[in-house]
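What follows is one structure encoded as structure tokens, with my remarks underneath.
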């Protein structure tokens, strides 16, 4: 298991390097001159040139990249062009809201998704199945921003139960995480259903029944854990979906997270900020998937014992 | 496209700002505390007024910091930290007599030395402050005595006092400047009614009551929290759910739905923000004044007001708004007249119209306005393609073009708030021959020697009569030349709870919370 | 004496398995470990052994579906073990393979006609499509199916019929040698005998040579002329079938033969029951690979691998007892 | 014993011959016919396509013609879905919008699927470093929040429908590549591919004749569902102001511009929202049905 | 003398699929006496497994249903038993071993747990006692290092070991009837020999009745007391081993016996049964074997024969055995 862990951790490195290059190039392809933006609209060409020099934007791309990587390794993500503060400092405050929001969303979407999926699979072809799957298909068919706006209309404006947006107490989490998690819950439900249905056909489930075990035990002890193995991998991938979704959702719910920061930074061509944000988004995704992989190994003794 | 803020040049807008002024407030109990929440449209960028160029950041800063002079609700210059001021006739020396006994939040005394530190900071190009341009003209600052300070300019500039009224000229505590260095932008220390408490990026800026405020009885609330809420619907919802006490701006579409309901009041006030569709006068077909006038006649401003602005728009009858200093109403009317428009097009040789592009930013309100303009222009055969641009792209495509002849810009929809309140800032950046992008905002590439002459005259003196005369001339020339389609003057739309009073929107689109009071 | 059609000399296949954190450490699965045999024209060589002993790997290497790690494969006097794919392609007409699983070896998305035509198309044997069609029908009839079956899809056929299709495909290019990898082990007994009979008939009519891989000793006995017994990547005994079945020399062969259940309730068998199962080819036992399960194991068996030698005329075995 | 036997036997076999030929397609169709919801969804999709094709010619109003005297009117007999801020007929716009949304959804997925299938096939078939490179790149694209990727591409290329198509295609590609690679890896190991190789079939033929068709069932299912996702993504981009240009009646753009009227004239957002929902739902349900019909494991 | 522990009468189990009804088992009569081993042989698809599953009541997860007939176990009819009562019999009175040792154990649960859960359930042992019992069972089936294996996972065992685990699991609660559905088909001959040996020993010690399903006639000859031959969802012949092997009466049984190559019995050419098992969609009207039968005559095509006694305990479903008709 230790070996496996180390192997997986080391395996992430090439991906990270590739991502850093990709992000770096990608950002530089976007039209819009950051020096111009920093200088402001009414700055002279000379001013802009000066600022470009100061920001190191006039150097060859590969030098810029190397400097950028050097900086990262020293824990220096650069200075935000917009606020002129260290990027790390800016992101620090924004990281937690997004991270907690995604965790919240993934938590409840996994719980509900699994529940719906299992109930549907076990009651295949009955009304529970149809209801569950209809809800799930609807979940992935709704535009999330629309859902968000509608939920605010209903739960905040009409009923006055929940705050319309902002970051703070538990109540603040409910609507954004529901909106963000709806699609993922739906995907998980559908996946769980088919995964459970596959497992139900396995020989060892028949063995378990042949022992005279109760349905409940068969489902939870023998089916569930095996069905979980493929689901866990899928949940990891869904995390990327959540991170992306947070960009839209944070706009709708005025959530002070990385997503809304990213939109701002893109508008401002705040290169160091965008780079770092995307890097952190990707890093988060990779780490989560790493954890998922390890969890996968824990669930699957065949891997953890090698 | 008529909200007073969203479709301006923000976030990099030249000048938009706020002033505060003391007023009376009482207490009451419709709300069980005295902490007010103000929801605004965008995130704050900086708390250093010298290095800020967005109105919204100023709105927050103004609650904590103050300048020597400021604006009242009609954009008239009034003394704040200075008791009085005077200028010499050549408009090269400005002397301020300071109010005595004022302390910064950190206990530092406010005096001539403090003013000198601030003005020097602004005037020094090496500091790379965004607002350096307003003070680049300053030659040096002299401390005359403890409470008298004299600012000497390199050359005459008649509108200088308005520059001092601009929030860019608000005063930092010299101690804070020394202590925090560049970090003052996160640690504002001023003389204002509220003391900075915290700024959680993307979430809120919070400030609490200044117990030692120099104006007696103020402030009347315990704290003010500004929250950025981008989504219009969410801002409205916050007002409806009482999560916020004041929101700005209120989307015009929603006014009817909320005004007067559940204790919500919407206030619409005229602003100095003008809405326009700039036409590139440097290029065909808009180098022909007849085409430009035809465009002006072809647009039904009444319908624009109704459809795009929900009725909240004032008529524009000069190139600047009525509340701007030296405004003069123009004779010639550009009221909707399709016949005339078609005739002019025919005269100009464009009987069958032409194809063009309207550039703009990409907020939903702006797109709504440009879509309307597109429909209107179609009436005289102009097929306008809309090109909404996300702001980075817009900057690149407009403000990176060094040579005017390379400009691809044809029509550009935008708004302008001359935040010094002076005609100069309402005209020079937009119409002077020297103001072509990338230097400034003359997106019409309007270049008229006659107009330029008068624009120069207007700032070469501090004499108001002379200035007025100059600006009357300028306004007439440009209005007749129609480098823009003049669409209207925006109204500032603020929504508040009934129990909240004393929060004002100034004509430049900035917000004042100094007199906030819960009734 | 005639030259063999195929000579296999000391072929080995070590599958590398990457180990360790950086996958630097390599270990090898010794799937086939020094195997030699000859096949003569017109004969059937049977290859038996338990699951995982390397029978299929050996068969695949002969076709170069798996690159041998070492050794020579001489087909009609030419060493094919070092040839490139392009050089070998023409030779593929001469060696064909029949696979164990009649369900998996037919592409479910192709009709039977297309499946049988595939080798003809690949080797560009017919310019004229009508002629090719005729050939396909001829082949179908040859294996006991009807022409109208050519437009159907494999899933409509029973296991035995599918195996016939597989045989027809192998015969399409008129091969000299057919490697049959457990062609009947997935079939029911009543069908198995049909296929075995068919293979025998075809051998006689078309003068085919078979390498017949199986784990069922009775089937191998029935169809083969000579039989080789494999254990853990090695051939432990090889001779003509009567000698092998009457007088097996290697203790493993003896145990194997005794383990086969005989469909006769009167026979009371004296079983040699082997303990445990085949060791992993990843780290085979030192010395004689079989010593861990061998009743006769002596000290030498643990130390030295026995030589593969001709103990009696044409009877080769690798055991320290001889 | 009777002589009838042979004849009877022949009859019996003859009967077998008379059975329909069961092609993989007829097999699929037999199973698909059982999927009632999927059939309904399929019919809906056909209707959408018909609307997309003939819509512009049959709608009651010009979609670009403003009527400032009848703005923001609710649904009525005259305007079934009401009118928007310029007094345009929302029903007409929604119907014509089907053309845009379907075109964007379909074409971006087609591009993504073709690119992905080729990459996945090469990657899975050859393995080794090619596989490594392609899959690492796919990983990177995966780790990159999709909408950000799209925003970036739009920022580079500028807004507009073609660019949206391209952006969404790029962001669908890695998933198709993975799916195809997955099936390729599985099919590559099948005995029938080994058979093909043993016969001497060249790589190209093995890839395209034997492997590719086997990946279709996986692609088709994901393809259908992905159209839904693409329509959603395109509308998200419009929501963020980076999608179709006005006055194009793209549903997402309609939603985006209508959202300021929530609570005042909710029908402006309701109908385009429903249009997106129903379309995406239909594609997802069709995809579900296709999966069940194509999945050999499911058989009853 | 012979007490019937299980008696199946006219069992019909049909699957209701999209393609129509598959009559997998269509009128099967089988009985098993206490302590005896009954061999069930037949071609693939002849309904052997479905019969076993019908006895166990494990058709729930499939589209199959028992449409007719009786399964009497110790006098109780299992067909209409409530799931709750059936559960108490399953794994306790009747246990089953499946063909695939590789997939029949849950890959994520430890061996010990998989065996002891049935013990805890049926014998109501506490944890400690269940563990002891489990380890004893593992030892009984000849697993070395039983204590260690207890906490290992299935993937750590070889196929033969897993099958031993399956047997330990099945035998754990001392069932009165053990259904072994092709327990050695997936194993190598040497391993098969080990398992068969083990089963014989267990049977001698415990005296459980075994229903041994297989298609290997050699195994039947070696293991069974009586044999039932199935074809196309029906029993076509039954009798004791000697009767079946030495005096087969049904043409199918005869064909079957002749088509297997037998070690050391040289034949130039094997006999074979022509044709294929009829597909369920295309069943002949009369005797299901008629299309493949050399001796079929008119009547065979029209009418299905019933059982005709040949000698004591030996009967066959063939018109040729009907003395009256001849």
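Per-chain numbering from 1; labels A, B, C, D and E assigned in written order.
By our rule, a contact is a pair of C-beta atoms (placed from the backbone, for glycine too) under 8 Å apart; a residue touches a chain by one contact, two chains touch by 3 or more.
Note that the structure is predicted; figures quoted are calculated from it, not measured.
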Problem - Selected pair, greater C-beta contact count between C-D and D-E - result: C-D
Problem - Maximum centroid distance from chain C, chain identifier (CA atoms) - result: B
Exercise for the section: For chain A and chain C, let me know how many angstrom lie between their CA-based centres, rounded off. Expected result: 52
Problem - Separation of chain C from chain E, taking each centre as the mean of its C-alpha atoms, in whole Å - result: 32
Exercise for the section: Please compute the C-alpha centroid of chain B, do the same for chain D, then give the distance between them in whole Å. Expected result: 48
Practice task
Would you mind pulling out the distance in Å between where the CA atoms of chain A average out and where those of chain B do?
Solution key: 39
Completion exercise
Where chain C touches two or more other chains simultaneously, the residues are none
Exercise for the section: Could you check chain B for residues that touch two or more other chains and list them? Expected result: 231, 233, 390, 392-393
Exercise for the section: Pull out every residue in chain E that's touching 2 or more other chains. Expected result: none
Practice task
Going by the contact rule at the top, pick out the chain E residues touching chain A in the complex.
Solution key: 56, 58, 60-61, 87-92, 95-96, 98, 100, 103-109, 117-118, 121-122, 153, 155-156, 166, 169
Handout entry: chain D to chain C touching residues, read off their complex
Key = 17, 21-24, 27, 190-192, 194-202, 205, 210, 213-214
Completion exercise
Seen from chain A, its contact residues with chain D in the complex are 14-15, 18-19, 22-23, 26-27, 29-32, 133, 137-138, 140-146, 149, 153, 157, 190, 198, 201, 237, 240-241, 243-248, 251, 262-263, 266, 278, 281-282, 285-286
Handout entry: chain C to chain D touching residues, read off their complex
Key = 60, 63, 65, 88-89, 92-93, 96-97, 99, 101, 104-109, 118-119, 122-123, 146, 148, 151-153, 155-156, 169, 173
Completion exercise
In their shared complex, chain E is touched by residues of chain A numbered 200-214, 217, 221-222, 225-226, 229, 299-302, 305
